[in-house]
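The chains carry the letters A, B and C, assigned in the order they are written, with residues numbered from 1 in each.
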């Protein structure tokens, strides 16, 4: 019997799959599930987690103006960073996908390099650039564009610039993959049918790269709203987004129930968007 | 070298029996083709013999040894895969040496055996090439050398020609047959191509829906199929449906649906039957011949192919009849009224399966 | 202007714009490298003066050196185990009839979809309950969860490109299952394993959002150490340390490109 069971596990692959699956069960699913009751317990300041169950943390997160402002700011950041990455990333991706240059592999590595570089280091670079006495302000003052340094740290615009830089490579890599696989003869066909380059781009190339635009945008949006390191270092302890709020709830305020509830709201946004987009992508794929 | 015997071999996938109780014997040193349409279970049979699929019932005996529960790597069989399955990261010589290394053959001997095997398949100069640098035919020769060098008890060939173009296919067919005779190895050859099956084998086993339809030498199979399926699958014979109306000396008198009667040879149980008529047995004539079977027909399609010409005819009752005649005498245009005739000795009857 | 000339100008315009964006991508990197050589005690660009004293400061700081070695050790162990687990999962998913295969591969990929901070806080609570907080094994397990999607994905891709029959061929030729995998399949999927391993290494070596919650007091990783240092205030020694990491990453990337053609997997 046991050898038959062993054979069956061998044949259906579950024998091989069980170590990774057990790992995910014990160190991923179970910890997440264990946070569900935490998010439903009351929190008593000074005492910690109380008895009984309550939905107050969810209600508060979705009604209290302090929380709503942070959630709104996080989503706005995600949206605008996505748009910036799209605007900067599409032309670069188009160039990298189409160029015949023998430098192409090295140019691709220039895109990959920031991705591999430690995130804390990249963020530190932006601190050096955006500080009151940083390169950006020194240049602006030197050029006479502004008289006194512009405040770029601990506010929205600083986060916007740095996060756009940090997530741009993801957008570019996704788009390069999609644009490289576009059938060139369809564009040629449009040109022979009398379409100018602008019409060809808007009516043929762009619609065909829509799946990539969608995938890249979702990726950048989710990464932005989930980001912790950059918002924390550039926003400081006071200018908060959702993940830094969760960070503070757990490590500074020790209000685990509120932090857990916020975690599930953030997760719902991220995972919800990803599942939604894969459903849309499937429909796009089926329609094509 | 050993004989192969399969006893009531069964493989089920869910409720479907892919192989439904196959019993088959391949004599020592002989070549058996297992042929059938795709999905008939022939590859499943071969993979069960190799040990790559576990049977749900029955036994596999090689040289009298029961291999049913023996692990793949202990069976000592040679298998040439449809994709050749050469190791892409090894040279030709390393591919051929692989099985010898597994058997612990001393290094010096391996080099010698590999050289001999490559000589046998005429790849002497290509020993250090990578598989992707070889043509399809060379890849197949490598696969053959790799399978044969270990002196396996059986050679199993799984659709080995399907990735070759027509010209190479003919060449490799002769090559494999030559090797098989030289080595004298018992061979099980799986194919969906009836031409390949007939051309190479001592015995042909026709499989359909998990069962064997008929096992016979190629000529017998062609001349005396025992079922409508075999008659049609091997050589696309015409099948005329009718009822046995009587007997006249050696001949059976068969009444067709149109009311016409034809004479045929053979015997069936019961009345419903089909007359098997090979395309090349049909002659076309301008006037009916009382001595032979003769049916009025109209030419629908004429297709000239050099040595032969192919006609699609329509009989009076609407049934279609294919005829293959020598090309030199083929000049009938579509619409021409003709008489299709043939000798009773060139036909056989099979039970009406429908 | 002729159509051809217009085409040429468009191409030049695009190339120039692409060059600007690439420069933007490299800007913080260049800034950090420059700032590390300043002789002032505050960050300034362009650097005033030229000194290596910040490098000296970093290399003589035991805490930084210990954190660097610990991060490397952790990343190496994580990479090795992640490759083994990833290969097991990818092998099963591509070579076996796995029941509910889409659900299982979805589960294996799901740590990618979850915000790092959420995984971090969930493990903070879970490890506090189970006593794993601050332990090496706890860090190892957490990093395996977040690196597994990368190793599974790249190895799965190279499995898909390999003929599954070659392993059967090795079996028929007399190799037992283990030897057949080792001699026939493994060499073919090695590039995928290397690429997955590189991703796993970087993911582990760089991670802050998960690590910072479960680190405890016994251990310190380099990125968390820098992160905390920046929270206390920036000085040029962080720029020097960052420059060391930049150089290390660049060498890593060039080597990776040589070995496996890294840009194809990115």
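Just so it is clear, a residue touches a chain if its C-beta (ideal position, glycine included) is under 8 Å from a C-beta of that chain, and two chains touch if they have at least 3 such contacts.
Heads up on the chains, UniProt names are A, C = ABC transporter permease; B = ABC transporter ATP-binding protein.
If you're wondering where the values come from, they're calculated on a predicted model, not measured in any experiment.
Peer 1: Looking only at C-beta pairs that count as contacts, which pair of chains has more of them, A-C or B-C?
Peer 2: Counting C-beta pairs in contact for A-C and B-C gives the edge to A-C.
Peer 1: What is the identifier of the chain with the smallest separation between its Cα mean and the overall Cα mean?
Peer 2: C
Peer 1: Between subunit A (ABC transporter permease) and subunit B, tell me the centre distance in angstrom, where each centre is the average of that chain's C-alpha atoms.
Peer 2: 59
Peer 1: How far is the middle of subunit A (ABC transporter permease) from the middle of subunit C (ABC transporter permease), if each middle is the mean of its Cα atoms, in Å?
Peer 2: Between these chains, centre-to-centre, one finds 16 Å.
Peer 1: Just curious, how far off is subunit C (ABC transporter permease) from subunit B if you go by their C-alpha centres, in Å?
Peer 2: That gives a centre separation of 55 Å.
Peer 1: Which bits of subunit B are touching subunit C (ABC transporter permease) when the two form their complex?
Peer 2: Contact set of subunit B toward subunit C (ABC transporter permease): 50-52, 71-79, 81-83, 85-89, 98-99, 102-103, 146-147, 150.
Peer 1: Flag every residue of subunit A (ABC transporter permease) that touches subunit C (ABC transporter permease) in the complex, lowest number first.
Peer 2: My answer: residues 11-17, 19-21, 23-24, 26-28, 30-32, 34-35, 38, 88-89, 91-92, 94-96, 99, 105, 107-129, 131, 133-135, 138, 165, 168-169, 173, 197, 222, 225-226, 228-229, 232-233, 243, 246-247, 250-251, 256, 259-260, 263-264, 266-267, 270-271, 274.
Peer 1: Can you check the complex and tell me which residues of subunit C (ABC transporter permease) touch subunit B?
Peer 2: Counting only subunit C (ABC transporter permease), the residues touching subunit B are 162-163, 165-166, 168-177, 179-180, 183-184, 187-188.
Peer 1: Under the touch definition given earlier, write down the residues of subunit C (ABC transporter permease) that touch subunit A (ABC transporter permease) in their complex.
Peer 2: Listed in rising order, the residues are 7, 10, 14-15, 17-18, 21-22, 24-29, 31-32, 35, 42-45, 85-86, 88-89, 91-93, 95-99, 104, 107-108, 110-111, 113-126, 129, 141-142, 144-145, 148, 152, 202, 205-206, 208-209, 213, 222-223, 226-227, 230-231, 234, 238-239, 242, 245-246, 249-250, 252-254, 257, 262-263, 266.
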